[in-house]
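Here chain A shows up in two complexes: once beside chain B, once beside chain C.
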Partner chain A sequence: MRRYFGRKLLIYGLTFFMAVTVNWLVPRLMPGDPVASMLARARVAQPEAQEALRVYYNNLFGFDLPWWQQYLNSWGSLFRGDFGISLWAFPTPVADLLTRAVPYSLALLIPSILLSWVVGNRLGALAARRKVLDNTVLPVSYVLTATPYLWLAALMAWGFGVVWGIFPVAGGYSFSMTPSLTWAFLVDLFWHWLLPFASLFLVALGGWAIGMRNVIIYELESDYANYMSALGAPQKLIRRYAFRNAVLPQITGLALQLGVLVAGALVTEIVFSYPGLGSLILAAIQNKDFFLLQGAFLFIVLGVLIANFIIDVVYVIVDPRTRVGMAGAAA
Partner chain B sequence: MKTEALYFAVRNTKLLVGAGIILVLLGIGVIGPFFIDKPPTEYVGMQMQPPGGEYWLGTNTFGQDLWAQFVHGLRTTFLVGALGGGIAAVIGMVVGFLAGYKGGWIDEILNMLTNIVLVLPTLAVLFILNAYIGVRSAGMQALFIGLTQWPWAARSIRAQTFSLRGRDFVDLARLSGVGSGRIIMREIAPNMSSYLLLTFILLFGGSILIASSLDFIGLGPTDAVSLGLMLQQAHQWSAMHLGLWWWFVPPGAGITLIVGALYVANVGLDEVFNPKLREL
Partner chain C sequence: MTLEVDDLRVYYRTLKGDVQALDGVSFGLRDGEILGLAGESGCGKTTLGKALIRLDGRMKHVGGSVTLDGQVLPIGDDVKMNPYRFKQVSLIPQYSMSAMNPTRKIGRMVRELLESRREKLDLDELHSRLDLVELPRHVLGKYPIELSGGMKQRMVMVISTLLNPSLLIADEITSALDVSTQKAVVTTLKGFRDRGFVKSMIFITHDISLTNQLADTIMVMYAGKLAEKAPASTVVNAPKHPYTQLLISSLPEVGVRYADKRLTGIPGNPPSLLKPEPGCRFRDRCPLAFEKCAEDPPPVEVEKDHVVACWKAA
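Let's look at the complex of A and B:
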């Protein structure tokens, strides 16, 4: 178990190191003078802001320093939680913008990931080796998993929001409201959350159902399942054992799918103008706000790494074999 | 073996339906643009026309012909999917074969690299790369997608190679002094060719989905029209609120059809190649 976690942590550490390095390197690969082109591309009107930014950039990149010093400095500011100042929302620090957006993104991501995983697995397990269910669940799942997140989101926003007018189609809460801990506001918040959540949930659902169905079929053909049915065990019991075994690869699958799920949430937020990281990234790209973009990138990488680690811990709890170091998930 | 696969292929409905849909859409994308004499971004006529006889998919708020955009978009989408999926498949194969066959420290290093790229959230990396380096052609977009998509393919190919490495025929080839490259190409790859094809199909579909997200967020190619770009423009110019459903429904349906058909064809092919899965 020590070895297992050691290996995982090494990989995550290296990944984070790579992410920070890429983040540092890519602006320096940009052709031309990055400071000048950033200032030109940033749509900042006030001259004071322009000048402040120029000084700020030159200090921040420290282009007169040797490259290794620039690189070390970027790590230093990272550990101080300093992601720079946003151009788009000048003079708000990027870190503030990001921490304000993250709760909205998490509120979409965590419930949709967990619920789609649980429901999808149940559905897939039910469908396996049952003709009628299989013939309905499987095609629907394939359509769902092939749907681009942004398209289902757009369809739902159009159908439920514009045509039927049941749900709001933009924002995290009504513009007429100020955030407060009142029932009216919470209900409003929930109402705005429901559609983006539902579209994320539905697209993710298909993949889990397909995966679970396939693994369950594999498990039901394994020796222990055959042996149990030869002993006359009820089908229900065999299925329960098969499900418990099939959950393991699905947990690994969850870790592998995290990046895709996060990406789906980002574009879904954009469709609904939901005030999470996705909308921030869109604003950053449209306004050439590279600090904001880089900050968002590091936040996402860090979030995905933390989530990966949590899944590793869960895996160890669920699968006793990893604890005694016999077998288990490949590093 | 070949004829056996063909025998089951023409009897597999999943494969036939999937391949049929893909071929029809591919045909539209390849041949269609030749029948449209105007460039897809030209302002051809009345604005906001619903689908009808003259403009099959209607026009948008600028009076652009959406059918022309759809046809050109299909072409770009297929191109990015095939190229991105192809690049990812090649990298995945090289890394997977090398790591699985060579083993030892080469395996350690490649496996570490694979795992690192695997946990990196792909789309976030692509945001940074595309925004800074300014990817403005479909080919570049495909290249970047290919460069970030390969890890899971490498991992599964490595595992397969690992299991083939110890077989007698590989040992025999090694004893007769054949080089590693030749052994991989002649002995190992042919034994998992069906698996490689399936991997490529999945990467193809995945690349199309990633490209559509990139396009949608404003990092798509500027020299072409793609289905993702159509969705992006529809969203940017509030087609949803104006009720112009014909602007954003067809491109999304196109992507869903292509990717869905690829996945279904993939399952069909799997049944063709894998006797255990065949329904008799």
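Let's look at the complex of A and C:
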């Protein structure tokens, strides 16, 4: 077991290491003076900040040091949580921008991923049971899962926000409000959250429902299900076993889909001008804020890796076969 | 009589029409009798076995009846058949290796299975049966993956017979095993019968030499019909049906199995059962065929307990 997780951690660590290294390498491979050219291209809000930024970044890059020293220094600042200063939002540190945006992204991602997974699995299991449901759930699911995140988000923003005016279409909360722990603010927050959440939830839901339906049907035709039927076990028990076993590949599916879901969330945030990492990335691109982009990229990589590791742990907990296999390997 | 099968017909529905896989088979089984069911692959052995416990979705009960312990089994009705399964008729499947839910500990699975059938788990009895098949009791706390193939098979044999069924069907359970393990399985099954765990048994195999070690009676099927049924020694030493004779003579020596020589000695292939031509279905391959064979040969009891369906034998 320790060896298994050790290997997993090594892989994830290696991935993170690569991401950081690439991040470090890219500006240094740019022709000419990278700091000067990045500053020249970026739209820095205050012109007087230009000089300060130039000094700061020359210092940060430390071009006068040998390359390995530069590299080690970049790890050092990473561990101090120092991602540099944003060009676009000077003089706010990139780390501050990111930590402000991350709660919004997580608030969208975690509920939409978990709820779509749970509800989709239930729905798929139901569809596998009843013909009528199958004939409705399946086509709807196919449409949902084939819908691009951008598309559904735009459609919902336009329909519920612009045409019917039921929901706000921009921001994490109303501009007239100041964040506070009041009911009014929390309701406002929730109201802004609902549409982007719903559009993420719906697209993801279809995929889980289809996956579950197909795996359950496969499980119901498996040997153990046939054996139980031959021994007269009621369908209820057989379905319970089938559902339990069908959840396992869905957990693996969750790990595989994570990247897609995160990308979908980023796009959705942009459509709803939701103040998460997606909107931050858009701002970084529009303003050619290289450091902000790098920081956001590292945050996302780290987040996905952590989530993957959690899924690995959960899988080992729920599938006895992996545990047994590991015990066997250790013996 | 424990079991009486009368003119049983079970077909497979396919797009091209009905496959007449079991086409009017009649036989009986006495208390304590073990019937060996033999014949080439595709002759309808599995279909017969399934017909007695659970038809799959493509099978349909076309005619005939099955009576077990004096009760007519509702074999065509999946739901009505449920109360009989496990308690009166049980099955050791061919797929013992994968018959147990991989994500449940075996003991818990057995308990849940029994509870679902409103039966209490008698742990002492279960333990004594595990002892009997030489499985350590702690297998109940293990997942199927933790057991070897042979252990899984013995576990499934114990589970299937736990409620002392009147009829046990074992379909090709030895096909994937080596010779010594096959012997052990055969001994175990005999032990189950002798201790009264099962009243009667149908042991299905395409390996007639193995059947001979276990069965009291051997029934040979061909193309969905009964070809010959007689006490095991009669089938082996004095078969009357040309098909049985060829099966026996294609064995170098009964009781010895040669890896490649199992029932491969008869030239030709069984006919398609989609729209079988009338007359004896063995006609194309039969060295003794004559004009009369264009008519269906009825099963005839040529001597006591010896039934043959062949114009030449009657």
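Just so it is clear, the second predicted complex is superposed on the first by the 315 of 331 C-alpha atoms of A that agree within 3 Å, B and C clash if a C-alpha of one lies under 4 Å from a C-alpha of the other, contacts with A are read in each partner's own complex, and residues count from 1 in each chain.
Operating definition for what follows: a residue touches a chain if its C-beta (ideal position, glycine included) is under 8 Å from a C-beta of that chain, and two chains touch if they have at least 3 such contacts.
Since the structure is predicted, the reported quantities are computational estimates derived from the model, not experimental observations.
Novice: Evaluate whether chain B and chain C can sit on chain A together after superposition, giving fit or clash.
Specialist: On the shared chain A, the partners fit.
Novice: Can A:233 be said to touch chain B (first), chain C (second), both, or neither?
Specialist: It touches chain C, and chain B stays clear.
Novice: Just chain B (first), just chain C (second), both, or neither: which does A:248 touch?
Specialist: second
Novice: Angle at chain A between chain B and chain C: what is it in degrees to the nearest 10, using CA centres?
Specialist: Seen from the centre of chain A, the opening angle is 70 degrees.
Novice: Looking at the overlay, what does A:27 touch: chain B (first), chain C (second), both, or neither?
Specialist: Only chain B; A:27 stays clear of chain C.
Novice: Touching A:127, do we find chain B (first), chain C (second), both, or neither?
Specialist: In the superposed model, A:127 contacts neither chain B nor chain C.
Novice: Identify which of chain B and chain C touches the larger number of residues of chain A.
Specialist: Larger number of chain A residues touched: B.
Novice: Minimum CA distance, chain B versus chain C, superposed model, integer angstrom?
Specialist: 6
Novice: Which chain A residues qualify as touching chain C in the complex?
Specialist: Within the complex, chain A contacts chain C at residues 222-224, 226-234, 236-237, 241, 244-245, 248, 319-321, 324-325.
Novice: Any idea which chain C residues touch chain A in the complex?
Specialist: 53-54, 81-87, 90-91, 93, 95, 98-105, 112-113, 116-117, 143, 145-146, 156, 159-160
Novice: Could you please specify the touching residues of chain B with respect to chain A in the complex?
Specialist: Residues 111-112, 115-116, 118-125, 127-129, 131-133, 152, 205, 209-210, 212-213, 216-219, 228, 231, 234-235, 240-241, 243, 245, 248-249, 251-253, 255-260, 262-264.
Novice: Under the touch definition given earlier, write down the residues of chain A that touch chain B in their complex.
Specialist: 11-12, 14-15, 18-19, 22-23, 26-27, 29-30, 142-143, 145-152, 154-155, 157-158, 161-163, 169, 255-256, 258-260, 262-264, 266-267, 270-271, 281-282, 284-286, 290, 293-294, 296-297, 300-301, 304-305, 308, 331
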